[in-house]
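This structure is in structure tokens; I'll ask about it shortly.
By written order: A, B, C and D. Residues from 1 in each chain.
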Amino acid sequence: MAFEHEIRITWGDCDPAKIAYTPRLPWYSLDAINAWWEHYGGAGWYQMELDQNVGTPFVSMAMDFLLPVTPRHRLICKVWPNRLGETSVGFRVDGFQDGKLCFVGKFVSVFIDAGEFKKSPPPERIRALVAAHLVEDE
Amino acid sequence: MAFEHEIRITWGDCDPAKIAYTPRLPWYSLDAINAWWEHYGGAGWYQMELDQNVGTPFVSMAMDFLLPVTPRHRLICKVWPNRLGETSVGFRVDGFQDGKLCFVGKFVSVFIDAGEFKKSPPPERIRALVAAHLVEDE
Amino acid sequence: MAFEHEIRITWGDCDPAKIAYTPRLPWYSLDAINAWWEHYGGAGWYQMELDQNVGTPFVSMAMDFLLPVTPRHRLICKVWPNRLGETSVGFRVDGFQDGKLCFVGKFVSVFIDAGEFKKSPPPERIRALVAAHLVEDE
Amino acid sequence: MAFEHEIRITWGDCDPAKIAYTPRLPWYSLDAINAWWEHYGGAGWYQMELDQNVGTPFVSMAMDFLLPVTPRHRLICKVWPNRLGETSVGFRVDGFQDGKLCFVGKFVSVFIDAGEFKKSPPPERIRALVAAHLVEDE
């Protein structure tokens, strides 16, 4: 039921070990979270920040890498919010290739007033959007 | 006493919020860990993998982001091994700008036989190198 | 009639001027050329190199940047081969957003025996593939 | 006599062919041009744009790739302005490893009023800076 974001892994993503270079995995994960916002909220971070004055800078990330990611298959990132606080939101991103779980990531952001770069509760519309898809970790 | 790796943050590292885009921070951290290997062991990952058949793929990372990173100051990454197992090694990377702690990262790799892509205890020389600089987390 | 490769431009692609940072434009172009190979030949560079022993390292690129690229629209890259020599191939990539031409790029590769890293005429199948879609610059 | 900017090529810069992935070469070149501005003008693009309201978006680039770039040696980028117009500036970047020329790049920017994103002659101080180091192509 989770939102799925597909990423094409390429030659240029890989290091000489012939697998995607580790720091690309958080990069893909953030691409997937941005795509979640775009899909459900109609606006990615660019539009949220510039048009709606809502920023969501990250305060933490934690990832486990289970299997190498390669260009042999598309990377399917399942994304969902797993945490919603007064001024924070967490996302989980599970990356799959060929049906196998390659990595699990957890990412926490705070909501800010983008102009002020100051913590601030999100607009009600955004809170409702996250709440509607929230699946807290067990 | 920790090894310090200096990184020049530039315009191109920053997103429209005028701060380094989040996935660059694990990227810088891995650059810093690679520089640690190069400084103490005389070989970065490229040489370790291709010349010595020792690979160190990552199995996890965890980062806390405390302050934004910008091009206003050089980024100083303090790096040290914080964990040494039979076939694994952990590194801690603390990123500072202008004397202030901007992020803390913990990264765990396994040692592999690079040709086989199979877990394998590291050569004694490499184990000794890590052991000599090991500072376990409190 | 040209092959079109769509790219989602994001917040993280942009610099503080709120437009895609210049070196991303050759990066997108190469993604588009790789997608061309994948679409017509059934194999991107990763598979060409590792499975077919055919490498295509670049020997030149030239790009003109006409309009900024932003996350406001998808980037549509039109790609076609514009040159075919004994051991070389050229690609043209035209990048459009919202129907407007944002950049024009010309890229030249040589065919190599990947194992030897030595110039070598491509397999006939690959030559025929390029020839079938070749549109030389006027 | 040209300004030299040193870059550490790493494992993560390389693709499975064990050489720096092509789009990194324009990226390094822009890092080198930014370092030129920082060295001679005391301000990189970030400070020029945000503190001085001077932007320098690129309108073209042309590069020839002569030899692969690898982590075996530091990359030394020689940088100098090779063109100065009323509202434009060109830079040449020659990349060397182990004393051998690996690539040659030519990059043209226009000066803009950053706030307006409109072409505008640069401040006299910046014009003088470029003029003092100008070496036009033969």
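To be clear about the criterion, a residue touches a chain if its C-beta (ideal position, glycine included) is under 8 Å from a C-beta of that chain, and two chains touch if they have at least 3 such contacts.
Here the structure is a predicted model, which is why all the values come from computation and not from measurement.
The chain with its Cα centroid farthest from the Cα centroid of subunit C is B. The interface holding more C-beta pairs in contact, when B-C is weighed against A-B, is A-B.
Each chain gets one centre point, the mean of its Cα atoms, and the points for subunit A and subunit C are 28 Å apart. Note on chain placement: the centre of subunit B and the centre of subunit C lie 33 Å apart, centres being C-alpha means.
Here the spacing of subunit A and subunit B, counted between their Cα centres, is 23 Å.
With touch defined as above, residues shared between interfaces to two or more other chains in subunit D number as follows: 11-12, 14, 16-18, 22-23, 27, 30, 46, 49-50. Chain contacts here are complete: no pair of chains fails to touch.
Those residues of subunit D lying in contact with subunit C across their complex are 16-17, 19, 22-23, 26-27, 30, 46, 49-50, 55, 57-65, 68, 114, 117. Across the interface of their complex, subunit A is touched by residues 11-12, 14-18, 21-23 of subunit D.
By the touch rule above, subunit C contacts subunit A in their complex via residues 8, 10-12, 14, 18, 27, 30-31, 34-35, 44-47, 49-50, 70-72.
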